[in-house]
Amino acid sequence: MSGLAPGSGLAPGSGAGPAAAMAPVEYADATAEVRAVYDDIMATRKVDWVNNYWKVLANHPATLRRMWANTKEVMGPGALDPLTKELIYMAVSVTNGCRYCIASHGAAARKKGMTAEQQAELIAIIGLANETNRHAFAFDLQIDDRFK
Amino acid sequence: MSGLAPGSGLAPGSGAGPAAAMAPVEYADATAEVRAVYDDIMATRKVDWVNNYWKVLANHPATLRRMWANTKEVMGPGALDPLTKELIYMAVSVTNGCRYCIASHGAAARKKGMTAEQQAELIAIIGLANETNRHAFAFDLQIDDRFK
Amino acid sequence: MSGLAPGSGLAPGSGAGPAAAMAPVEYADATAEVRAVYDDIMATRKVDWVNNYWKVLANHPATLRRMWANTKEVMGPGALDPLTKELIYMAVSVTNGCRYCIASHGAAARKKGMTAEQQAELIAIIGLANETNRHAFAFDLQIDDRFK
Amino acid sequence: MSGLAPGSGLAPGSGAGPAAAMAPVEYADATAEVRAVYDDIMATRKVDWVNNYWKVLANHPATLRRMWANTKEVMGPGALDPLTKELIYMAVSVTNGCRYCIASHGAAARKKGMTAEQQAELIAIIGLANETNRHAFAFDLQIDDRFK
Amino acid sequence: MSGLAPGSGLAPGSGAGPAAAMAPVEYADATAEVRAVYDDIMATRKVDWVNNYWKVLANHPATLRRMWANTKEVMGPGALDPLTKELIYMAVSVTNGCRYCIASHGAAARKKGMTAEQQAELIAIIGLANETNRHAFAFDLQIDDRFK
Amino acid sequence: MSGLAPGSGLAPGSGAGPAAAMAPVEYADATAEVRAVYDDIMATRKVDWVNNYWKVLANHPATLRRMWANTKEVMGPGALDPLTKELIYMAVSVTNGCRYCIASHGAAARKKGMTAEQQAELIAIIGLANETNRHAFAFDLQIDDRFK
């Protein structure tokens, strides 16, 4: 892995915390390399802004490039429709309790058509699965032959 | 909460472990109350057998009844199609590493039409979301105003 | 699953986030159906107010009703005393890092008599169990025959 | 931290896995230092054997000694009764899906009097708390002023 | 376990939440027993202040003493260098989404020399491992013979 | 995402479970595309075999290619030495309880020089961090100003 963004404000051994210290890299301050990724994010998503996840990742351009390539491939067109992909993302993020991810992918899901009724069902399923997962752990359930 | 199934084999203070000790209650050995739930599970799912989760829960009939009522309501017809519901269930179960739940809901998803390509995408999204959730934690990301 | 609360303020595709957007449904604004659940919560708990969990769930009355029925059955009188039930709830909530749940069930535990000394022991046990769980994972411990 | 048990069979860089390779240290093969801990475990618990967790930890005597001292202090007599302490331990272990810990502390709980009815309630509460924790995450619930 | 700190402000059954209510015990208000631990923390770390974790733990002096003894032994000089120990701590804390721990151990890691480039790699590895862990769960991977 | 491996044995809607059903793709049966990745894995790691993770991923060549590219970039030469990278990987995998990952990365760590003493310290730190993470959750600790 190589290369810190110029002007990222990251100094080795600075007193700042790992998160708060990691200032978002704004488009105006970004290198051509980082701008190219931002441009692709905006073009792919048909929006005119970039959210904080990418702007903080941009402090380490190699990771920005890598994560965007992964996201584009995994969340792009495929055998599952775009809304379903967001619902799966939400199920993971809610299970892990990731506030930022719930906010950002909740917004993405609504943009892709998630209705309030669908959201309510999504949350109900996530809750139920987290419950029954623990029942299965507690009982040390043996997998039925028909499921093998 | 009340009532242990007759013949459940559960004796207070027995040496057996919490899981292995909890023998599945087979239909032939079940009370009328438990059979009624088993019958409803089979009728609702249009199958002729009941999987281990329910048969172990049956040691405590009140919980069997309660969990089946929840499952029927949450996983039944609604605003999300049946396959999408299973994919959400899988996303939670894989995140938590629940072998039994992955096996049983993986089978359910395939029965409802999940293709191998869709399964591959499901797993890829689950992996990516678990990864980016940790990036968000590490950076202590602030939620963008546009997501609020 | 069916039915959004009138006046819930939930519009499909609205820009608001999944959480912040979900405004609590106050008693004065609630339908008769929702008020009936609120009334039962207050009567059962012998309090004159309803906490945010239920007021946000009320945006989807079917879920409100279902979750209250579950809570009433599981947390109601049984073989475990009320305080012990809250301590178990706390152990799960602290393990998962759920701030809201720790606050609400911590308050419930104190109301049911948890002393500061008991709270300190609760937290110590939760910490120790989370530690030894990882030792067991790291060593891939085989279950002793005497535990089977 | 210092000192590997003589005869622990651990060789730096050996090909064996981190768990399977870590053979339990039997009493007959143990050093005086390790035997002293084993003796205290058996005396404290009034049993005539030591379970695998301690026998594997014994490969690193300093950790064995440290973890036993912690366990003795945290799980020993205090403001919470012995069974309640085990139920809290179980709640954490089931939430984390730790098979070994569920088996060992499930056995300990039964030894301390946990009835089948209490076990059923324990598992029901663990499941419910894991479910509502995710509802709280999904809704990003604000903590009620009365809980502060 | 025994003994609450005089002046800890903890009253059984008080209305305060489990966290907010637990006021940090400042040096000026601490007992000789607590001050002795604070002094050892500051001397060991060569700093002139004590962070909130210890000051809140100090409400229960026995736990303060126990946890500091553990931390001193586990995080002290050994076969792994101090920075590596902090990186391992960070990997756990980020996986669990513990904001406080990420902030405090991130600061400790920087103090021990973690560069911005190393921090970026740390976060990348944490993300990747959380991703591939879920792939392994989803596939229910069999352990290769060569790893046993 | 595109393309299933010829001869992967994956048939949509087959009865097999999501894991067991996913047979490893052996080199002899692999397409040129898959073999190219296998060859690069073996050359990069200087070994003459490929472990199950990659062989199961190979059922979906696009994911195999993507995950190997990520692993090569993240785990390759950088600012952290190879052993430290494996220890971080282990810390995540043990926290999540991923048996396969613990076995495979434990073997990798030993190959890169991890001693038994270092392994013992690694596991001790993982345990301690999982413990103190829960203390921080339970206390809802405020981040010290000096850490910001």
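Observations, loosely collected:
Each chain gets a letter, A, B, C, D, E and F, in the order it is written, and its residues are counted from 1.
Rule of thumb we're sticking to: a contact is a pair of C-beta atoms (placed from the backbone, for glycine too) under 8 Å apart; a residue touches a chain by one contact, two chains touch by 3 or more.
Bear in mind the structure is a predicted one, so any value in this text is a computation, not a measurement.
Common neighbours of chain B and chain E (chains touching each): A, C, D, F.
Shared contact partners of chain C and chain D, listed by label: A, B, E, F.
Of all residue numbers seen at the chain B-chain C contact, over half occur in both copies; the interface is built from largely matching residues.
When chain A is laid over chain C using CA atoms, the rotation angle comes to 120 degrees (nearest 5).
Comparing the CA-atom centres of all chains against that of chain E, the greatest distance is found for B. Using CA-based centroids throughout, the chain positioned farthest away from chain F is C. Distance from the chain A centre to the chain F centre is 20 Å, each centre being the mean of its Cα atoms. Rounded to whole angstrom units, the spacing between the C-alpha centres of chain A and chain E is 27.
Among the residues of chain D, those touching two or more other chains are numbered 1, 15-20, 66, 70, 74, 78-79, 95-99, 102-103, 106-107, 115, 117, 121, 123-124, 126, 128, 130, 132-133, 135, 137-140, 143, 146-148. Chain-to-chain contact here is organised exhaustively, every possible pair of chains being in touch.
Interface residues of chain B facing chain E in the complex, by the touch rule stated above, are 94-95, 97, 99, 102-103, 123, 126-128, 130-135, 137-140.
Interface residues of chain A facing chain B in the complex, by the touch rule stated above, are 17-20, 22, 49, 51-53, 56-57, 67, 70-71, 74-75, 78-80, 84-85, 87-89, 91-93, 95-96, 98-101, 103-107, 115, 117-118, 121-122, 124-126, 128-130, 132-133, 135-144, 146-148. Every residue of chain D that touches chain B in the complex is listed here, in rising order: 90, 97, 102-103, 106-107, 110-111, 113-117, 119-121, 123-124.
Interface residues of chain C facing chain A in the complex, by the touch rule stated above, are 1, 4, 8, 10-15, 17-20, 59-60, 63, 66, 96-98.
The touching residues of chain D, counted against chain E in their complex, run 1-2, 15-17, 20, 62, 66, 70, 73-74, 76, 78-79, 143, 146-148.
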